[in-house]
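Before anything else, here is the set of structures, which you'll find just below.
Two complexes come next, and they have one chain in common, subunit A, joined by subunit B in the first and subunit C in the second.
What follows is the complex of A and B.
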């Protein structure tokens, strides 16, 4: 193999680092998206036997949005292996204990249970907030697009924007806002 | 089921040092015709040796031809190639024409084709003119300068108008028409 071809090989199989902002995203839909990047399914060179998966850094996993009443209804099962060792943890409770766990489990269960799954999961880096170690962040060269827009809350608008927003009426001066 | 193929050499089709481009070097170096002088199965081989072998040797001065008579054994062609391969062809009950054709095949081969499995029926040293894909092909060069995490790049591609946006749009359009009415 010539020097040029060797470099070509490195370029084609280079591992890319992606970053994904999980704020206001459905973790189960996000898992299907992230799985493609982790396994390398988005690449034209993909083959189950070639190791072409990428790294994904997920930030703000603490701000994920579960649909409907899943925070209350979704239960995570664990068994210690001892008699009476079964336990069911509700999603909000699990999220309180570890804000990355729901997304981690969602990605893990979105993939087929084969020998490669544990190694693929090693390439997923989850952070409950925006604080990512600089040595990881400097590798990143792509941002994965979110699957739904982040809603803008009233306190995200500036004072100026709020004043200029069209109003039907002005409250009387002696009106008490509760 | 036979497993003999699993130790078979395998690879891609190739031409030894661009043979045939500018000059041609016959890759067959040595051929041994083994036959019996009495046995009926060697009749075609004997006829070939009598009538055609001299011409073959004259036409191919690069090929060393050996004859090996041996009693009561089946006729065989053993060919040795420039790359070290050795091919063995059984010529039991072959006619003169058959042997001539087999010998011609061995002469034009570049090695032992029976001891080699082709992984693909075609091969090229340059599979792509534009170069193989890399993660950076088809990427927007502007992303090289982007700071990550990037809120602009993170936004979904398809963004529908929110109710707030529509309300503001209606409000603005009404204001413009009001101004026109005044003028």
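What follows is the complex of A and C.
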């Protein structure tokens, strides 16, 4: 095999590191998206036995947004294996304990019992905030686009933008807000 | 109920045996119990003894040397002169061995022509033709191609698949690669003598040069230090310097690091290549640049 063909093979099967910002994103929709990159389904060379999955670094998992009242109602089950070891933990409680767990479980369960999910999950790196070790960030060469556009806070708009915004109606000048 | 019937059948059979005072033999028409174990045992013993040593095809039955030699030419679609072809297939070692045998028996030895002179003649034919065919390639590439095609392994491979292995007359068995290679060359010379040089050249093209099919130039020709080679090549064309630029990279901190480097001259791309490290990527880019320069891709 010539050198050119060898490096072509190397480049085709190279592993890419992606970064994804989970802030303001629905973890379950994000999981559906990230699962494709982790399994290698986004590549034309995909085959389950091909080991072509990529790495994904997810930042700001602490800022995910669950829909409606899932924070209060979604409960995660855990059993220690011992008698009386069953426990149900609500999403907000779990998130307080470990801000990466919700997204991790979402990605894991999105793989639907696939036999390779145990080691595919090893390629998922979750961080509750933006602080990622520099070694890992050096590997990254792609950013996955967010699913939902992040809304901008009112106080993050500049004074000029607020003045120029085309308002339809406004409070009267002497109205006192409670 | 069935238990009652079974005991009834058994007792009646026993009584019948007693009455008739005969033996009911167990002869049936199926495959006997001892057949499979016997065959298995024979098989393991055969394996233990080991494979049979290879024998030359000419020692088997139905070997007609004349017919084989005739068929060889016709199979290739070529018209050979019978005597010249036989000479091409006779190796010097065979001639010597025959002479020895004749001396031992005391029989007069009839001179057999060997293919020594034909081999020498063919060396020149093949080399000249290859050089002619590859004259559009750069010098060192043409030389590498020539060396690759005229190597002993390549010629032996072609000869073996052509069916020369069975009809060569040599003293040794199994036939060696060098003998096969030489005989191929002798056959080319025999064709030239039987017909003409043009026909022999077409023969070389069809059987030898066609071995290049599907091969990349860098499978055969590998310039050591491709960057230096490229520098010299560019200097010949008036380009004195080029700069390598990192185009893409992924997983830089891991063992599966992948880099893409492009070589540029005045913002014009000369060559681009991938690599496991930046140095390898540069070398691959140099190889790509060399390929583009030589063949104006």
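The working rule: the second predicted complex is superposed on the first by the 155 of 178 C-alpha atoms of A that agree within 3 Å, B and C clash if a C-alpha of one lies under 4 Å from a C-alpha of the other, contacts with A are read in each partner's own complex, and residues count from 1 in each chain.
Quick note on the criterion: a contact is a pair of C-beta atoms (placed from the backbone, for glycine too) under 8 Å apart; a residue touches a chain by one contact, two chains touch by 3 or more.
Note that the structure is a prediction, hence the values are computed from the model and not measured.
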Q: Label the relationship between subunit B and subunit C on subunit A in the superposed model as either fit or clash.
A: clash
Q: Would you mind checking which one, subunit B or subunit C, touches more residues on subunit A?
A: B
Q) Of the two partner chains, subunit B (first) and subunit C (second), which one does A:3 touch, if any: first, second, both, or neither? A) second
Q. Once the shared chain is lined up, is A:169 touching subunit B (first), subunit C (second), both, or neither of them?
A. neither
Q: Scan A:154 for contacts with subunit B and subunit C and give back first, second, both or neither.
A: neither
Q.
Between subunit B and subunit C, whom does A:135 touch in the aligned arrangement: first, second, both, or neither?
A. second
Q: Considering only the touch criterion stated at the top, classify A:115 as touching first (subunit B), second (subunit C), both, or neither.
A: neither
Q.
If we overlay the two complexes on their shared chain A, which of subunit B and subunit C does A:11 touch? Say first, second, both or neither.
A. both
Q: With the two complexes superposed on chain A, say which partner A:49 touches: subunit B (first), subunit C (second), both, or neither.
A: neither
Q) Given the touch rule stated above, what does A:19 touch, subunit B (first), subunit C (second), both, or neither? A) first
Q.
If the shared chain A is used to align the two complexes, which stretch of subunit C, 2-10, 38-46, 56-64 or 236-244, clashes with subunit B?
A. 56-64
Q: Find the residues of subunit A that appear in the contact set with subunit B and again in the contact set with subunit C.
A: 8, 11, 14, 16, 141
**Q.** Contact footprint of subunit B on subunit A as seen in their complex
**A.** 8, 11-12, 14, 16, 19-21, 43-45, 59, 130, 137, 140-149, 152, 165-166
Q | List of subunit A residues in touch with subunit C within their complex | A | 1-5, 7-8, 10-11, 14-17, 55, 135-136, 138-139, 141
Q. Which subunit C residues qualify as touching subunit A in the complex?
A. 216-219, 222, 248-254, 256, 258, 260, 273-276, 280-281, 283-284, 287-288, 291
(Q) Residue numbers of subunit B touching subunit A in their complex, please. (A) 131-136, 143-144, 146, 148-151, 153-157, 159-160, 164, 167-168, 171
